[in-house]
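Each of the next two complexes has subunit A plus one more chain, namely subunit B in the first and subunit C in the second.
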Partner chain A sequence: MKRSLWTLILPVLVVLAVGLYPLLTQQDVHRETSFTLLRAVALAASLNIILGFTGYVSFGHVVFYGLGGYVAFYLVAQKGWPFWSAVLMGGLAAALLAFLIGAGILRLRGAYFALVTIGVNEAMKAFIYNFQPFGGPVGLTMNFAVYRAYGGPRAVLWMTYHWLFIVTLIVVVVSYWIRASKFGLGLLSIREDEDAAEVMGVRTSWFKTWAFTLSAFFPGLVGAIFFFRNASIEPHDAFPLHVSIESIVMVMLGGQGTVIGPILGGIGYQWMRVFLLTNRLLKNIQLAVAGALLLIIVLFIPAGLVGWLRRRLPATRRVLL
Partner chain B sequence: MDMGFLFASLIDGLLLGFVFGVAAIGLTLIFGVMEVINLAHGPVIALGMFGLYFATTLLGVHPYMGTLLTAAGGLLLGILIYAIAVHRVIGAPHLSSLLATYSINMMIIGVGTALLTTSPRNIEFSLGSVTLGAATIPVTRIVAALASLLAAVALYLFMQYTRWGKFIRAVTDNRDAAELVGIPSTKVLALSFGLGTMLAAFSGALIATLFPFTILEGGKYELKSFVISVLGGLGNPMGALIGGIIIGLIEGLVPVFLPTTWVLVVEFVLFVLILLIRPTGLFGGRAH
Partner chain C sequence: MKRLLWLSVLLVFGMGVLVGCKKATPAPTEAPKEQPTEAPQAKEIVLTIGFTESKTGRLNVSSGRQAKGLRLWIKHINEAGGIKLSDGTVVKFQEASYDDESSKDRVQELYTKLITEDNADFLISPYSSGLTAAAAVIAEQYEKVMITTGAASDSIYKQGYMYVFQIYTPASRYLTGAIDMLKETDPNLKKVAFVYEQAKFSTAVVEAAKAYAEEQGYEVVLFEGYPSDTTDFGPFINKIVESGAEAVLGGGHFQDGSTFARQLYEKQAPVKAVVLLVAPPEPDFAELGEAAFGIIGPSQWEPQVQYTPDGAKELGIDWYGPSNEEFIKAYEAEYNEEPSYHSAGGYAAGIILEYAIKKADSVDPQKVKEALEATDVLTFFGRIKFDTSEEAHGLQIGHEMVYIQWQKDDQGNLVKQVVWPKEGATAELIYPLPR
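== the complex of A and B ==
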């Protein structure tokens, strides 16, 4: 079946809609909402590269987010680097970490890979906790004089928003490109049957390592942007395991291995969280309600929203990818 | 170096290691039988702590009697969790079972923080202490270590000599073949999950006799259980006990040479290295 161009246009339109809305209204509250949504989308869509396309369950996505955040924060706050170059370095540091450990840990499969990614995250958190240049347990805080160079705190909030918007767009386009390319085909073949892929001539370890590296680059950028605007960073904020798991949930919710799935999943999950947090009855047990919803999805709709639609309504396969 | 401090620190770590070991046996038992990594392990440990808390404060039973009650409650809870979340994802991709058990984690933590808050509790209970050379050891720690050892031995005897224990081993080896000879595999899986949860709750109750705790406390011990299980070989219960002792000794040894905050670095680096170099652990894990 020929794939329609809508498979690219739809995901981009969704992100544009979320991203442009605050730019039109110029409202702070809209900007903050969209920031949270875009961050969720960027994390989920980048995780999807290794989780959905390649079939490796990583609980370590947040390690790249935290490391990127720390590296960029350190460069801006302590070394006086310009913001854009620090963000880039944050992404590169995350990608480098993934590249270095990828060759080793991607040999593990299934539950063993999932466990080692938890281990990498906890080891990094414990190490940063003891690493004095990054402030050890208390972390680092931003001197507000740094913000003045960018026009003050309010201007920083807008500037970082623009950056995140652009990064999210790039994540979406890259993930479409991967899905549609021969590289992506190799990843999908690894997901379906790694041994068979190897026999058919896919250089599996090369494919996996690059998928992992690409998937780590973007959370590095997002972490760098987030912690710069946050004005402080400390180990427990930078490496929370539950953010990794939430990212997995977003990917599952929308449909792993699809391009638009993690986008819808990210938006849907955040929307649900806001709904629960603002509901007087459910506010206190919002985590439990979210858990119950997750269980229902895992047990009954494991393919996620997009996977379910594609199976039930074959006509949607042309436009949903 | 101060030998007295080293000795005291090692004894301290060793005794705790037995308790960590029991928690890890629960995790590794479940993985061994059904290849499910139970991400609800931590909250169950925390529920064990609160189980003991309520047994002593509301029912007024002796703390060690309370640990047995808590263990029984853990068994039932485990079977319930199996029926609700795990049964349908047996044999599904790992992602499904990881997320299904994590959803239970979220539910327990969500309801737990709403009802119990996150302010620390503790159980007022002391048996004095004994002095051994340079080490002054609270008796509660010795009892906790002995109780853990007893639990491990009891599990071993159960698995070796009872009918249901043999069923569990048969299902672990080959579920299809076990079903062919008439072993009720669903019941066996439910029982195994129950036993694993029971051990987690029991170790939580023992920890509660030693330290203050909150409903979030289990996460720490869950991570420790991962490290220990992998060290001993995932799916190998007796390996987990020895892994627990090793981790206990590391926790006793590291603070002698480095600031205490490095303990976690050492543990998790070791964890990652073991997975990379010898994923079946030091004593052999579940064969694939």
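== the complex of A and C ==
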């Protein structure tokens, strides 16, 4: 079956719709809502590279987010680097960490890999707690003069939004490229049967390491952007395990292993959380309602939204990837 | 069968929503009680106080108490008929609040919403320094005054923010009073040990205290952090004993602090004074029994503290707001629990805003900000005065910590006594520890 160009256009359109809305309305509150949505999309879509395409469940996605955040924050706040170069370094530091540890831990499979990724998160947190240049347990705080150099807090909040928008678009395009490429095919074969893939000539360890590295680069960028606009970073905030878990949930809700799935999952999940948190009637029981909704979704559409659509409506298979 | 399953799930969910609605309706956060109405002789305006509360997550107890204190103030000021300005305007208040889930993830989004959609006129900070730092960026963006309570870290106020005002004594002065107290009580004491939780707040506190202790001529014989989840303090206590420390300062939060105190007692560590953060002022600390006896702790406020209008007169500053007894009585009547310093901090944040609006005789944010900068006032919570220098704008410089010690009453029951500063003391310090 020939793949339609819509498989790329649709995901990009969804991200454009979310990202451009605040730019058109110029409303701060829309910017903040879209920031949360885009952040979720970027985290979920990057996690999908290792989780959905390659079949390795990682609870350590937030390590790269936190490390990227720390490296960039340190460079901007303490060393006076320009924002763009610090963000890039944040992403590269995260990718480098993934490359180095990936070679070791990607030998493990299934539950063992998942367990080790939790360990990596804790180890990194412990390291940062004791690493004085990053402020140890106290963390780092941004001086307002840095913001003034960028035109004050308002300009910074918009600038970081533009950055996140671009990063999210890149994640989606890269995600599509992987899925459509021979590299992606190799990853899918690893997911289905790693030993068989090896026998068929796929260089599994090389493929896995690069998938892991790519999947770590983007949360590094997102963390760098997020903590810069937050004006402070500390170990407790930088490595919250729940962000990893939420990312997995978003990927599963949308449909793992698909390009558009994590995007829809990320937007849907975050939209639901914000709606429940700020709804006058439901805000006091928001966690209970969110739990009930998730339970229902997982019970009835375990393959995620995209998987369900593709199964129910075969016509969508040409446009949903 | 499948249809039945669907139906039952939908039913359960529907019921959940209904129960939620029922529960949510009487919540104090709902629709404003006072609608702006035009009285024939006076114009009434209703200002919105915006804040987030950690209803879920690790900060929910302290944050909840803070919000309770603040809500009580809103209730009181509205019942008292609001603030009357000289032009006849009556200012009343309502709240707009959301759950921040004790996480930084959405703090900025929620504060933007509070300002742009709920039209909050003044802001109160979330609980904890980390969340407050994130909210401060938004407050600055809109040039909204934000009174912070429950955010003791110094660093937020040293970044050049102009609209953020701190109610709490900053972390750097949490333990300095204890060092003064020890110096006055026992001039021969020379060796001190710092053993503290490796967390943002406690590390900031002990680093400042260590510098102060050295300045005062003390020898810091041990300076060591422990991980937040430590349960066995044996190795640390051995080090304390080996170092020959005469006083131990440190701790972090409730769990680790109380375990540390218990094990110090069990091992009969030969130290003359133990000062721990956060845990001792909590009423539950008494459950340690004998191990709690003699332990000292710093607190932002205690029910026993005595700040009075006479005290204000002596200092030559204004007195404002209810007395300590009035606050405690009203709080207990409203919530059926003893107020903690978090509750008092929430109420005090409201009182200070009220005072500033009155002084400014206006609700214009710029004028209120100027009034806050000029504030030097004594309240039931203590003295409030803000740093107005460019380097540390909004930092609290008037408020002092009080130090409590667990002692015994005539019946032998453990009771908290304020032992420092001397002006507000309710009992003499027990020194050295009877071990």
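Simple rule for what comes next: the second predicted complex is superposed on the first by the 303 of 321 C-alpha atoms of A that agree within 3 Å, B and C clash if a C-alpha of one lies under 4 Å from a C-alpha of the other, contacts with A are read in each partner's own complex, and residues count from 1 in each chain.
To be clear about the criterion, a contact is a pair of C-beta atoms (placed from the backbone, for glycine too) under 8 Å apart; a residue touches a chain by one contact, two chains touch by 3 or more.
What you see is a predicted model; the values in this text were computed from it and never measured.
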Inset, instruction - For A:G110, decide between first (touching subunit B), second (touching subunit C), both and neither. - result: first
Legend entry - Which of subunit B and subunit C A:V274 touches, first, second, both or neither: second
Inset, instruction - Using the superposition on chain A described above, determine whether A:N284 touches subunit B (first), subunit C (second), both, or neither. - result: both
Legend entry - More subunit A residues in contact - subunit B or subunit C: C
Inset, instruction - State whether A:P133 touches subunit B only (first), subunit C only (second), both chains, or neither. - result: neither
Inset, instruction - Report for A:D28: first if it touches subunit B alone, second if subunit C alone, otherwise both or neither. - result: second
Inset, instruction - Using the superposition on chain A described above, determine whether A:T36 touches subunit B (first), subunit C (second), both, or neither. - result: second
Inset, instruction - Check the residue A:P82 against both partner chains and state whether it touches subunit B (first), subunit C (second), both, or neither. - result: neither
Legend entry - Touched partner set for A:L299, first subunit B, second subunit C, both or neither: both
Legend entry - First (subunit B), second (subunit C), both or neither touched by A:I245: first
Legend entry - Residues of subunit A contacting subunit B in one complex and subunit C in the other: 126, 129-130, 137, 284-289, 292, 299
Legend entry - subunit B residues touching subunit A - in the complex, by the definition given at the top: 31, 35, 37, 84-85, 88-89, 92, 94-96, 98-100, 102-111, 113-114, 223, 226-227, 230, 234, 259, 261-262, 264-265, 267-269, 271-272, 275-276, 279
Legend entry - Interfacial residue positions of subunit C with respect to subunit A in the complex: 6, 9, 12-13, 16-17, 19-21, 23-24, 27, 29-31, 55-56, 98-99, 101, 103-106, 108-110, 112-113, 115-117, 129-130, 133-134, 136-138, 140-141, 155-156, 158-161, 198-200, 202-204, 207, 225, 227
Legend entry - Parts of subunit A lying in touch with subunit B, wherever the complex brings them together: 51, 57, 104-105, 107-108, 110-112, 114-116, 118-120, 122-123, 126-127, 129-130, 137, 245, 248-249, 252, 256, 284-292, 294-295, 298-299, 302
Legend entry - Partner subunit C, residues of subunit A touching it in the complex: 27-29, 31-33, 35-36, 126, 129-130, 136-139, 141-145, 147-148, 152-154, 156-157, 229-232, 234, 236-237, 240, 242-243, 274, 277-278, 280-289, 292-293, 296, 299-300
